[in-house]
Structure formats: C-alpha cells, structure tokens
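These notes open a run of structures that come right after.
Next come two complexes, and both contain chain A; in the first it sits with chain B, in the second with chain C.
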Partner chain A sequence: MGKPKVGIYGLTGCAGDQLAILNCEDELLDIAGALDIKSFPMAMSGGDENCPLDIVFVDGAVVQPKDEELLKRLRERATLLVAIGTCAVWGGLPAMKSEIAREELKRKVYGRAGKIFDTTAPQHLSRFVKVDLSISGCPIEKEQLLQSVASLLHGDLPRLPNYAVCTECKMAEYPCVLLEKGQLCLGPITVAGCKARCPSYGQPCIGCRGPVEEANVSSEVRVLKEKGFTWFDIQNRLRTFAAPADCFEDKIFKEGANA
Partner chain B sequence: MHKSIVIDHLCRVEGHGGITVRIKDGKVADVNMDIFEGPRFFEPLVVGRSYDEVAPILMRICAICSASHTVASLMAVESALGIEVSTQTRLLRELLVQGGNIESHALHLFCLSIPDFLGYPSAIALASDHLQEVKMGLELKKLGNTIQEAIGGRAIHSMNAVVGGFGRPPTREALLDLKGQLTKGLEQSLAAVDLVSGLEIPDFCTSPNIYAALSSDGSGYSLFGDRIALSTGDTKDIKMYKEICNERVVAHSHAKQSLFKGKPFAVGALARIALNGEKLSGQAKKAKDKLGLSSLSENMLDNNAAQAVEMVYSIERSLDIIDELLREGIKQEEPVEVRIRAGAGVGAVEAPRGTLYHSYSFDKAGRLTEADVITPTAQNLANIEKDLRISVENLIDESRESLGPKLEMVVRAYDPCISCAVHLVEVNLDEKRISKKESRRIT
Partner chain C sequence: MKIVKLPKENLAKFVSSLSSFGQIHAPVKRGEKSLAFGPVSDFAQIQLNYTRTILPLKKYFFKPIDTMFNFSAEKGYELPMEEPEQRNVFFGVHPCDIHGLKILDLVFSGRYVDNYYFARRNNAAIIGLDCIPDEFCFCRSTGTDFVDSGFDLFLSDIDESYLVRVGTSLGDDMVKATESLFRDIEKQDREKYKGKSIEKRESFQIQIQLQDLPGIMDLEYDSPIWEELGQDCLSCGTCSMVCPTCYCYAVFDELDLDASSGRRMRRWDSCLFKDYALVAGGHNFRAERSSRVKNRFFHKQRGFVSQYGRPSCVGCGRCKAYCPAGIDIVEVINKLRSEIRV
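Take a look at the complex of A and B:
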C-alpha cells in the first residue's frame, strides 16, 4: 500500500486542532512525507476536493447546514473519519446553550439582517455520521495526535486513555485542587490525556477534554455541593465543553426535575 | 461585458471565507469579502458566568490569537473589578503576547503568505525547493509556541494566566532557557527579514489607507496602550473604542464591518509600524529601514514586511522582558486577591492582526451581564473590500484565472482570522437603518 491519502478539514470552530497539527513544527515535514495530504484548506491551496480519502481529520462543530453538507460529503469520501478536538467530539463551547433558539440569538446579534443566515443548534460530528476515532481536547494534545497518526499509519486505531484526569493528577502527585483548595474541579469525570495540565498549575480542571467513559457525574456533583458550590455554578461548568454528552444531559435533567 | 469572479473558499487563511466580484460594462459593480464561517454566538454564551470563567471561554474565540484574547479579556475583567496586578504579572503577560506575535507572524509569513510570492501552493511544497527557509520558519514558529507554553502553560488556549496573575509563574531556569532560544531566534528572524527583502511586492492594490493602532506613553514600540491613535491625527481613549468601530451588518458576511467616520480603516502590523514605527530600536529599527517601511505605506502587501520587522521586535522585546524579570528576581507569587463588585471595563491589546477589544460589565455578584468583543479582522473587512475593488479596477483586463490568485493574495496579506471575525457581538442596532439595500452597499 502506498502513502495513505489524507484530508484535513475544519467545520465551525477556532481552528485550534488544525493549528495543533501545524504546531508539530519538529515533525511536520516528516508527517507531510509519510502521508499523501490531498487537501488541507487552512494550510494549502489547490487541494483535491473530490478524490477518495483513506483518512479525513475534521475539527469544529456543526452549526449550520453548510457544515453538515461538508461533513457528509467527507464521510462519503473517506474510509476513516477522525474527529479532532472537543467541538468535533462533544460539540464544545458552541453547544453550551444549544437549547436557546438560534433565531433569538441571531435577532439579538444581527437585527433584521440576520434573517438571511441559516444556523442550527450546534452538534458534534457523531450526531450526523459514523466517527471512527475521536481525539478530544481543547485543544488536542500534540502527543495524542502524533501517537494516533503513527497508529493509523500502521493500520491500527490508537489506544487512548479511558481513565480520568484525576488519575493522571494523583499519579503525578499534584496537590488536589478540589479537596485541598476547594476549587470547582472536573478532574474526576474528565477523560485523561493532558497529564493533568491545569491542576499542575494549581488550576481546576474545567473539563475541556469532555467526560470519561462511565463518568460518575452524580458523585462528582454531590462532592461539589458538599464543598459549597451551587447547582447553578456546577451546571455551568458541566456544560461548558460537552453539554450534549448523555451523562451531562441526564444529570442536568434529573437535577432540574428535583429542583 | 458582464463577468463575475467567485472564489468559493479562500485557502491558507484561518476560517471560512470567499470573494465575490461582479463586473458590469467593464466596471466593477460589486466586491464582497464573503464570510461564511458559522456563528458561535460567544457573547451571549458568557452572560451569567462568574468573572473568573470569562477568559477561559472567550480566549477560545480563536486559536491563533488566543494569547491576545486571554490578556485582553483578563485586563477587561480586572479593569471592571478594580484589580491592580503586579509588575511581574504585567511583564509576564506581555511576554505571553509577544510569544503569540512571534508564532502567528511566523505561521503567516512562512506557511501562508511567502508561498504566494514564490509561486507555491503551500509551505510543504515550498520545502521541496527551499527546505532551509521552511525549516527556519518552523523554528521561529516553534519559538513563539515555546514562550506561550512556558508562560501560559499551553501553546493554544493558555490556562496559566488567570484573573489577578498567574497560577504558577515560570522559574528562573525556565526564563534562562527561553533566553537562550530567543538569542538563536533573533539570528533567524534577521535571516527572515533578508528573505522578505528579496521578495518582489506587486503594487496592484495600492491606495491610501487610514491606519489605527494602540498608542502608549512609553518611549518604546509597544503592543499595549490606553489610547487609540489614527493616521488621520484623531486619538481616542480605549474606553471609547465604539466611536472607531462603528459596526454595521452586511448581508454577505457573518461578521460585522467597522467604519471610522464612514471610511474603512486598517489595523495590524503595517498600521502599527506606520503609527509607532519611529519608536522601534535595535535590530528591529534596522530591519524596518532595510525593508523600506520608513514612510506610510499605501500597499497592504507590505504587511508581510511589517510582520517580519515585528518578529525581530517581539524577539528583542522578549529578551528585554526576561532580563528585567531576572534582574528583579522572579517571585512565586499568588494571583492578587479579588474583591467582587459591580463594574464595567475595557481591555485592549495589539493582537498579531491588529487591535483587539474586550469590554465587559459585571453585577455585584461578579457575574457577567454584558460582553462585547471587537476583533482586528472585523475592523479590517471594509478595508479589504476597498483594496479588492482597487485591485480589480487595476487588473480589469486580466483573465479570471490570473486575477483570482492575486485577489487571494490581497486578502491573505491582511492575515485574516475569520473565526475571530465571526465572534458575534451583541450591539444595539438601529434596525430601521439596515434595509436590504443599505446592508448590501459596498464602500
């Protein structure tokens, strides 16, 4: 088999996960040599927008019909579709208040001229197409990206952590910002892979990587309430990066019902 | 003769945009810079959030300028809540912003823009013939990221810069390490200036520009300042930024456009050099003279040269900041304690692509009630359309195939950050004024 044909695309977002690829300065030319990059509109002109692809990397969320069309077209073209970044994997920041009608937001922001724009409630990629691999993070971590590219080149899917930031934090023996400093830390329910970056700087994990598998959200909420945080603040933090995740939606629905 | 040129998707820019030109009877009828990046409605998303949650959300408007967004956001929060940060914090924040400037300019020059001038579709293609130059560009880009990692904790979306200071200030050893890398980077940035000085800069988009940039009382060139200076001679306090950025909605764009006294204006590296260039010193001053940026340029394609000069400046300034921090002794200080109160404040920073404003109001519980963010690209959009129109008028006899790439070059010279531009501000619009006809009018 020759070099895999690859496309790198962005839907709506800050382009930070495409930038994270360009930020592999030491490896970039090797990556470009190992892959046959057919299209990467952020970094190259004249890409092939029709050829079949072995792998397509997609960052950003779907927030307008244009995004959905491009995503479906990329799915048709690619053997493997890799969602990169929390917007693509969980909806990210744009999905924070997706229950607010887009029409209302548009009217507030653009006035009557907003009528001509088409927007939809922000969603992650797997709501529309099959996603073969999800690399979350806001932004993604360089090491996970390189590890994933290396695995894909060998025809494998990478093994990404299925444990929590809290575990990484404990292993590194950082002081616990939740229990010792009383900060609103989501480390116990957020998926690892960042080496507990924020707690290592004395900052709480704000959940930018999205929830870990089988996250015990109820237990996290109970601990946070015991620490004196209000449901209003806890809910705000839970839904900052991954509001559409089932475990958060369920919890927010149940708390709402009990209120 | 009727013809139209439609560039569906601009490549080598951050975000999703295009260009539409309509030519009627041999004259340019319409020139639109189309912005179709999806809206994310950032400002409404932060309403109700606690003061310390605002920067981590709003820095994510943009990845490339996230250091500038972070610092402008923190400055606005602190101004609203009456927080005075330490000199060390101010210096570290400036270092973070300089790191962002180095990274962004290196990315734009080497990966996005220089391939245009040398006729390549990408930096990767350029590397096949000019490997050393591309490697040098990537090393400069990495230097900017290394600074952002060392100070901000992460290259994209800094998490170590917080309200009142830093989670964990860098160690003396980390600063010494940065100093070594910056010293090497300075040589490379001078080589980048040589490279740019050899490029032939076309003049098809030349026309008079109004420039705007922050102005400070200090004697040196700066990316900060409490006043906005315009090349018209006008100055404004940053709190009055709305008088400069009179935003209007246009139908072909998800981003609003800014006009000053009804005219488009430009922000960015070229605007800064035009307004504050005489304050440059050291190698950066020599680089400015070498690249012929001594007078007010009317050619936006010179923005690439201005970025090369600023890369030298940002490296020299970073070295000065580190020396000052080492001289004073870096302290492992905690962020300043916050006393919550109601208030409003503005923060402004010269981001890589121009002046960036964050403006917030908080209630007495420290929750955000109103946010307004004006990004550089939003300010530049009307000027980009002006330059596209001039270019088409100058090149009207050229074929579509030849004209298209030249128009892309003009847009790319502004280093537009389209994700940034579509941040969606909530402003009080006079709805009656935005009739369909008016909203489509081109300046």
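Take a look at the complex of A and C:
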C-alpha cells in the first residue's frame, strides 16, 4: 500500500484530540511523511472534501444534526474510521447531562440565542456508524496515537490496553489514592493507557478515558459508598466523561440511588 | 552455616559498606503511608520497621514492561542494549519475599529458561531482615515465615544486636569486608534468637490451613462462592501486579512510524483480564469474571501444588491489603473449608 489517504475531522467538542496530533512536534514530519493528508480543516486550508479516504480520524461527539451528516459522509468516503478522544468514543463531557431534556438545557444555557441552532442528546460515533478503531482519552495519549498510526500503516489494528488504570498504577508502584488517601478514584473501572497520570500526582482517576471493557460499575459504586462518598458525588463523577456508555445504563443509577 | 552478631550501633556502617558490592536498594517511603524498594544513598532513608512494600522484588528481575528484542527489515532481530553489569544489593528483604523469589526462580528456570529474568536475578545480592506480622500477614500458614536459604545474609533482631546468618560466599565476603563490626555469638544470643523465633510464631493474627486445600477446592469447584467473588471483583489487576509469584506476561509489538521496525515487548498480565483467555476466532474460555477469579485461586492454591509440590502463595497479604473491592484470600479459603472457628 502506498501512502494512505487520510482525513482528520472534528465534530462538536473542544478539538483537543486534533490538537494532540499537532502536538506530536518531534514526530510531526514523520507523520506527515507517512500519510497523504487530504484534509485537516483545523490545521490546513484547501483540503479535498470529496476524495475517497483510506483512513479518517474523527474527534468530538454528535451533538448537532450537521455532525451526524458529516459523520455519515465521512464514513462513506473512508475505508477505516478511527474515533479519537473520549467524546468520539463515549460521548465525553457534552453528554454528562443527557438525563435533562435538551430544550430545557438549551434554554438555561443560551436563553433566546439558543433558537438559532438545533441540538440533540450528545452521542458517540458508534451510535451512528461503524467505528473500526477507538482511541479514547481526554485528550488522546500521543504514544497511543503514534502506535495506532504505525499499526494502521502496517495494515493492522493496534493492541491498545483494555485493562484498568489500577494495573498501570500498580505497575508504577504509586500509592493507592482510593485506599490510602480515601479519594473518589475511578481507576478500577477506567481504561488504562495514561500510565496512571493522575494517581502519579496523588490525584484520583476521574475516568477521563472512559470505562474499561466489562467495567464492574456496581462493585465500584459499592466500594465508594462504603468509603463514605455520597451518591450525589459518585453519580457526578461516573457521568462526567462517558455517560452514554452501556455500563452506565439507567439501571446502575437507579440501583445506586436506592441502595 | 556461619552465624555472627552485628550490634545495632554498627548497622549503618555495615549497610554503607555494602555499596562497594553494588547499588543498594532498600524499603523507602512512597507517598504518605506506602513503601517501595528503591535505590538508597543514605542509611537514614531505609525504613527498617516496614511491613510490606507495594510491589515485591520481582519488579527488578521480571519488569512490569520490558523490551525482548528490537527488529527491523534491514537488521533482523537484535537483543536490546544490555544493562550495565552492576550488582544490585537488596537490603531488608522479608522472608515471604525471599520465598517469592525462590518460586519465581523455579518457574523461570523450567523447560524454557527465562534469560531476561536470570540476567538480572543472578546479579542480585539478597540481605534478608526479619519482621513482625501485621493483620494481613499469613506467611506462618504458607510456611514462608522463616527462610533457610535464598539469601546471602539474613538479619534477625535480637534486641541490642542482629543475629546474622551467612547464606553464601558472597555474604561471607560482605561480613569479612567489615569484620571489625561483627561479634561472635554467645550463649545469651542463642537463647534470645530462639525466644524471638517463638515470639514471632505466636504473634500471627491469622492462621489458615492450606494442607488438603487442593482436594477441598476440587470438591468446591462449583461452589456459589465463585459467583459471589465474580460480582465483587473489579478485574482491575491489582492482586496480580502486587503478587510476589504472579508471573504471567503478555507479548506485543511496538512499531515505529516506518512500519518496518520496532520492538517486541512484554508486560505483566493478569488472569483476571477479560482477554487473558481470549483465543483466535474470538473464543474465550474464561469469559465470565467468576471463572477468572476462580482460576486465580485455583492456580495459586491447587494447580501449582500439583506441578511444584507447594502452593505459590507466600502469605504476604498484599492481594488483601491492596484489593480495592476488599476481596480477602483468608476469608475465601476459610469459607471454602467451612471453617467455623473464624
């Protein structure tokens, strides 16, 4: 395969994951050399908005009807679609208050100005299209991005961690912020890849990378309640980055509220 | 075995002298309450009265993440840069952790010798130190509360002095290098040592019976306890990381952006991870969390006994002390045994 034709796009979000690509300063020339970047609206003008793509990287969540249109068009154009960042993979911050009706939120936040745009409950990309590879993180980790690009160039999918932050935390031998400091840590149910950055500074994991596969949310909630955290605080932390994830379905929240 | 006495006021001088044998590593503070083995330049850093470090010594020999070899289209396979041949001197290793190393030695020296492990392991000096059990320790029950081999020197507290057992010729060299610091053993030291031995034996807060446990586990293979544990377990991997005898690793490649060179890596794995038993075709023979928890207990306490004649658990208490969900191996074993006096 020659240089793959690549597009890098953003839906609704802070564009931090596209920025994380630009932040690969030492490797940027290698990336630009290895990929035929056809369009990257955030970083360059004059992109090709119609050509077929081998790989498209998409950050942000689907929050507006135009996001859904763009996403579906990108899916049609690309052989492989890669979701980058927790918004694209799990809904991210925009989805944290989806239990409140959209119109009510819009009125509260934007007042009369909210009339000029449409918005729907924020969702991650896989709710609309097939996603071939998910690189979560808020923002994504540079190492995972580079490993993913290298694997894709090799015609393969990367092997990203699908174990919990606790594993990386223990590998680095950081004191447990949950057991030793009694902090509200989501390390046991959050997917690794950050090398336990927050615990390395004595801070709890707030779940910014989204849930690990088969996250045992019920047990985590029980543990946190036993530590004396209120359901209000637990719920807020669980909902912050990945509220639409299946493991945070309503049942968990009903159980948690009643227990 | 040569046995001598080191007055406590000479300990700092002795430990400092060990730097001529290699880099000294000893238990030091990690955060507010935790401890970890780390390089030591000043005797005052060493926490002599520690109970357990977060990670056991395996982290030095069987590293959490390690490069197995480099590869490229041009050069083929190349071993990673060899580490400098400096000896590491581990001071203050407790009996359970020495037993842990002896078990890893056994496993990694099997049919396919793990040279990554032994390249570092063979360059390590072990200076053991006795300890007092806390509420998590059950090494008395696993038969690992004392050691008779696996150390170069072993220090036991006999109040004003340490009784020093010399286990190897390297240990003897260490004593001889600072001979003036040591004294001969006298009658009262012998009595003191034996008294301390009884004192330690009687200070355990936890006693469980591991004899005949493999049979009981087979009888309880379908016990509802596994399902209950599966509901509590977070699959976070903590117990495997902190276990002195968990030795599973996963192998993966890291590619460079040229997509034709890279590194073959290995990292610590855990049988509690969903993809641990995932095989080609998407089949997973331990897809349920309960079956994975069961597997971990079965391998430690039953499978290992069949293969090596003893359980691989050394009673260090780490899995219990660090499990976020509070899963307690002692409670599990007592439940399996239907112990009523707990």
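Here is the rule we go by: the second predicted complex is superposed on the first by the 249 of 259 C-alpha atoms of A that agree within 3 Å, B and C clash if a C-alpha of one lies under 4 Å from a C-alpha of the other, contacts with A are read in each partner's own complex, and residues count from 1 in each chain.
By our rule, a contact is a pair of C-beta atoms (placed from the backbone, for glycine too) under 8 Å apart; a residue touches a chain by one contact, two chains touch by 3 or more.
Since the structure is predicted, the reported quantities are computational estimates derived from the model, not experimental observations.
J.: Would you mind checking whether chain B and chain C clash or fit side by side on chain A after the superposition?
T.: After superposition on chain A, chain B vs chain C: fit, no clash.
J.: Tell me which partner touches more residues of chain A in the superposed arrangement, chain B or chain C.
T.: B
J.: Look at A:Met96 in the shared chain and tell me whether it touches chain B only, chain C only, both, or neither; answer first, second, both or neither.
T.: After superposition on chain A, A:Met96 lies in contact with chain B alone.
J.: Quick one: classify A:Val223 as touching chain B (first), chain C (second), both or neither.
T.: It touches chain C, and chain B stays clear.
J.: For A:Cys138, decide between first (touching chain B), second (touching chain C), both and neither.
T.: First partner only.
J.: Give one of first, second, both or neither to describe whether A:Glu25 is in contact with chain B, with chain C, with both, or with none.
T.: first
J.: Look at A:Lys130 in the shared chain and tell me whether it touches chain B only, chain C only, both, or neither; answer first, second, both or neither.
T.: neither
J.: Who does A:Gly202 touch here: chain B (first), chain C (second), both, or neither?
T.: Both chain B and chain C are touched by A:Gly202.
J.: By how many Å are the closest C-alpha atoms of chain B and chain C apart after the superposition?
T.: Between chain B and chain C, the minimum C-alpha distance equals 11 Å.
J.: List the residues of chain A that touch chain B in one complex and chain C in the other.
T.: Of chain A, residues 202 contact chain B in one complex and chain C in the other.
J.: Would you tell me which residues of chain B are touching chain A in their complex?
T.: Per the stated touch rule, the residues are 9, 11-16, 36-45, 48-50, 53, 56-57, 60-64, 66, 107, 111-112, 115, 121-125, 127, 131, 134-135, 138-139, 141-142, 145, 153-157, 159-160, 162, 167-168, 249-251, 254, 256, 408, 419, 424-426, 429, 431, 434, 439.
J.: Once bound in the complex, which stretches of chain C touch chain A?
T.: It comes out as residues 30-34, 36, 53-55, 59, 64-65, 231-238, 241-242, 252, 254-259, 262, 267-268, 270, 273-275, 289, 322, 324-326.
J.: Hey, which residues of chain A end up touching chain B in the complex?
T.: On the chain A side, the touching residues are 10-17, 19-20, 22-23, 25-26, 28-29, 32, 37, 40-47, 63-64, 66-67, 93-94, 96-97, 100, 105-106, 108-114, 116-117, 119, 122, 138-139, 197-198, 200-203, 206, 208, 233, 236-237, 240.
J.: Show me the residue ranges of chain A that touch chain C in the complex, using the header's touch definition.
T.: Residue list for chain A touching chain C: 27, 30-31, 34, 146-147, 149-151, 153-154, 159, 162-164, 166-167, 170-176, 178-181, 187-189, 202, 212-214, 216, 218-220, 222-223, 226.
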